[in-house]
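Heads up, the next two complexes both have chain A, just with different partners, chain B and then chain C.
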Partner chain A sequence: MIIRLLARRPVAAGIGLIAALALPWLIYPPVAMDIMAWALLAVAVDLLLGYGGLLSFGHAAFWGTSAYTTGLIALHTGLPFPVAIVGGALAAAALAVPIGYLSVRLSGIYFAMVTLAFAQMIYFIVNQWRDVTGGENGLQGVPRELLGADLSDPFYFYYAGLPFVLLGLWAAWRIVRSPFGQVLVSIRDNPSRARALGYPVDRYRLLAFVLSAALAGLGGGVFAISHGFASLHDVYWTTSGQAVMMVILGGIGTLWGAVLGAAVIVTLNDYLATAGFEETGIVTGAIFVLIVLLFRKGLWGTGRDLLTAARARRARPAESGEDRKVEVATERPAAVAERSGG
Partner chain B sequence: MIEQAFNGLVGGAFYALLALGLAVIFGMLGVVNFAHGAFYMLGAFGAFILLDSFGIGFWAALVIVPVLLGLVGMALERLLIRRLSGLDPLYGFLLTFGLALILQDLVRRQYGVQSQQYARPELLGGTLNLGLFDYPAYQVFVLALSAVVCGAVWLLLTRTKIGMIVRASTEKPELTRALGIDVSRWVTPVFGFGIALAGLAGVLAAPMRAINPLMGGDLIIVVFAVVVIGGLGSVFGSVAAGFLIGLVSALGNLYVPALSQTLVFILMAAVLLWRPAGLFGRQEGLT
Partner chain C sequence: MTGAILTARGLVKEFRGFRAVDGVDLDVAEGSVHALVGPNGAGKTTLFNLLTGFLPPTAGTIALAGRELTGRRPEQVARAGLARSFQITSLFPEQTVRRHLELALAGPTGLGWRFWRSDKALAAFSARADELLDQVGLLEFADRPAGTLAYGRKRALELALALSLDPKVLLLDEPTAGMGAEDVDRTVELIRRVRAGRTVVMVEHNMSVVSSLADRVTVLQSGRVLVEGPYAQIRHDPRVITAYLGDADAHR
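So, the complex of A and B:
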């Protein structure tokens, strides 16, 4: 009964919404906002990896570019912060056009390396362009202006920032459900056939890349406003890696798994930081190694499989062999099942 | 100008050694080793620790550290990376990314982020007269040694039986197996060898670069760009691109200093536009 209820879309969406609304009551509000911002970045990476079969290891470029652009707009124009965030997301999308145009020519592991390299280029540019970005000091004192409302309390700011996150998550869900998303999946599974059917493969990949960058930018903008600053860390490769880690932990190609992964990693990092443990890479790296070795379906994927198995067992108690078959069929995440390109 | 070109070649020597190891590992295992930079960093720290704690000098470190790291690499291949064989190569990339984070932060926990110093070996402390200008002898040594190592690996791959087996396993693993050669036997040593090359580069870097836990992470990303420029499948291309990129960035630095760090990525973009498989890569098989 409960299981069947959980599988209903409106019920699941309702639970997710309630969880999002209740979050700042349960945990420290700035951390709740961090989770939401990172969730957008992780979902953006999963949109590309899980549905486009493209592992971007350079999404820090879009997250960071948006964080800086948002910060600059808010600092220098005094416009309300939603305008700044939208401006940041647009800047990220604009940057994604040339980077995506060059990167989608490659796939598989090459795509990961090239996006990583381009993101590092953005990092160097941000680092060198001191007059605008503040170099190693970053952008400090980014205001949180919204029509004179007092949002200095992170608890209230959470609810001001949340609509952006929900909008972004809804957009991601719409994208993967749309005909465009279906074509993207078909390209992921068999690029040659999709091309033979007349789909301009590279153009679809580029559009997915730009949309994904815009989502990452939305997250980066919310993050910059929430923290009141943008720093070099936002454009560094560890940020890209952390986003990928969230996706793998949640489960590739599950979209909501990425949100779960973001929640776990952000909470863990916060816990380690409060405990005074600075070398978080030891812990997160070890978790990452373990997931890749033993737990490739991730939290969401495993949970879904368990749910499916439970339902199958209920429906046909006699045929227990059935659910094993399901597991085998999804053993290799469809996203990266094919030794694509290479 | 010529001196700057020399600086570029020395920088390129490090790219070449790292790119060579990456290319050999990728060829044999199909894994792009993100932890390569971390092993380079461990190489430099290895030399530092040997001198600092055991009083073992540069020349011994030049042998001991690569051998030890090569063994560590072989163990890692056996224990972890082997478990991913047959899966999408992206998983290998992700696994080694996790390893890189662990190694980097383990060293950071022990030594902090401030840089350590390592004195040049006495024998190479002075400068060498190269006709037109004086040049630090140590840098000349680095350039010469890495050129010799790259050349030796090239000969090993093209002129010996071992090299023949490795190349055959790289290009057509099934066929090689069918001819009665145990391909899997060569996977672990080749991985260890690639790691040893990274360790060697690290030891060479110790006397001339700042030794800190983050030295490998940034470098390896530049090496990725170098490898994309050269063509990832191509061992020769990776090495050639390594020296070439070193040279071009140094000369670029001379004329347009603002571009010194970004030039390699701009070159990568140009190569992607013009020859997506890299300068020396085979253009087939790209989607």
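So, the complex of A and C:
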């Protein structure tokens, strides 16, 4: 009964919302904000991978471009930070148009390699363009301006940044469950068939790519404002790799799984870092390998399967109960016959 | 019979020096059923892929109702009114049967681009989808995922999908391939029913299907047109008998 209730969509969304609101009470607020920003990046990657069948290994380009653009807008214009974040996300989407145009014709490992190559180009440009990006020092002292409100406390900033993340997550959910999402899934499963039905496959993939980049950019913007700086790490390939890892860990093609994956990895990284452990990659890598081996469909996908199995098991005793009723029913005529005979 | 609706002139397709299709001219009369036959490797499927834009021709031209189609992409060819079914059943395994048709019908309306709307908007096409499903006898399976259908029913869904585009010309790639006798009869009946007022081009191995459906037959061999004419005429052609029908008669 409780399991069935939990599986309902509005209930699940409600629990997710409560968890998101409660998060900075439970863990260190800046880490909570990190989880949320990374969740957006992971969901963006999952939108492409799980629903478009395209593995992007270059989403750091969009996350990072937005982080720098957001930082630059906030630093130089003094505009409120929401404007800066929206500007960052738009910049990421604009960058995704040429990169996507050149990559979506490819699929499988070639798509992954080309997106990685473009992301490395962006890294190179950000590193070289010192006058604007600050080179290896990064962009420092990004302000958190919001109509004069004091958001210096990360606890309060969390609630200022959260609406962007929730908006992004809702957008991803909407995209997946839209006519566009249906076409995208069809293209993933059978591109030739989709073409024969008159769907321009590459243009659909391009739109998915741009939307995904915008979501990644939204996350990157929130991340930059939250930390007060943008650094080369934001455009580095390890950022792309970590986002892909989160998606696989949580479960490809589930969206919720990507959020869960982000929560696990960010929390783990933070725990290891505060424990003074330097080589966090070894631990997260080992856990990643273990989870992939033990739970093929990731944490969320496996959990969902177990839930379905549990529900099926519950349905079976109910059926046998009906069988018993049938037996009783067949017994009854005999009893009636006996009675009339007596 | 009026003039040709689909014409091909001097079509050539070369794969690394091998000419799979070698200078084919084709005229498909409007409202006719035109069969492409020939032994394995004659270039039937390659010709099919050229006509539908899935392969670009090395040389030659294709026109549909006087409109140039050469070099167009598959989705543009489909929009222009040339719909195809696939030889190997080609569906979206997780989508329901009805959703297949809804997506096919939604294509020209641009609904597929609306990423901000609920996918429930596709239900606007469900009435027409059910009509088409009824036509091919699949209505009772409308809510099943396509991947779970039996083989013959998948082929029927293929046909419904091609029909949903309301094409000027319907191209069927071996519509009875791999079917038992009963399914073959049902499919022939189905094609006869849906062809009304349409032009159909079909690649077909089964000669009894060709004889019962086709108005004209083009026999291909080694990428060239060997003979073209009505079935009754070509079946007695000695060249065709040696190239192809000889085999088919041996089966009987």
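Following the convention adopted for this analysis, the second predicted complex is superposed on the first by the 312 of 342 C-alpha atoms of A that agree within 3 Å, B and C clash if a C-alpha of one lies under 4 Å from a C-alpha of the other, contacts with A are read in each partner's own complex, and residues count from 1 in each chain.
FYI, a residue touches a chain if its C-beta (ideal position, glycine included) is under 8 Å from a C-beta of that chain, and two chains touch if they have at least 3 such contacts.
Owing to the predicted nature of the structure, the values given are computational and were not obtained by experimental measurement.
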| request: Check the residue A:Leu207 against both partner chains and state whether it touches chain B (first), chain C (second), both, or neither. | output: second
| In the superposed arrangement, does A:Ser192 touch chain B (first), chain C (second), both or neither? | both
| task | Check the residue A:Arg105 against both partner chains and state whether it touches chain B (first), chain C (second), both, or neither. | result | first
| After lining up the shared chain so the two structures overlap, which partner does A:Gln120 touch, if you call chain B first and chain C second: first, second, both or neither? | first
| task | Mind telling me which of the two, chain B or chain C, contacts the most residues of chain A? | result | B
| query | Looking at the overlay, what does A:Arg177 touch: chain B (first), chain C (second), both, or neither? | reply | second
| Doubly contacted chain A residues - partners chain C and chain B | 192, 201
| query | Can you name the residues of chain A that touch chain B in the complex? | reply | 55, 102-103, 105-110, 112-114, 116-118, 120-121, 124-125, 128, 191-192, 201, 237-238, 241, 244-245, 248, 278-282, 284-289, 292-293, 296, 332, 336-342
| chain B - residues contacting chain A, complex | 32, 80, 83-84, 87-91, 93-95, 97-102, 104-106, 108-109, 217-218, 221-222, 224-225, 227-228, 232, 258, 261-262, 265-266, 268-269, 272-273, 276, 285-287
| said: Which stretch or stretches of chain C touch chain A in the complex? | reply: 52, 54, 73-75, 78-79, 83-84, 86, 90-95, 99, 103-104, 106-108, 111-119, 121-122, 161, 165
| Once bound in the complex, which stretches of chain A touch chain C? | 174-175, 177-183, 185-186, 189-190, 192-193, 195-201, 204, 207, 211
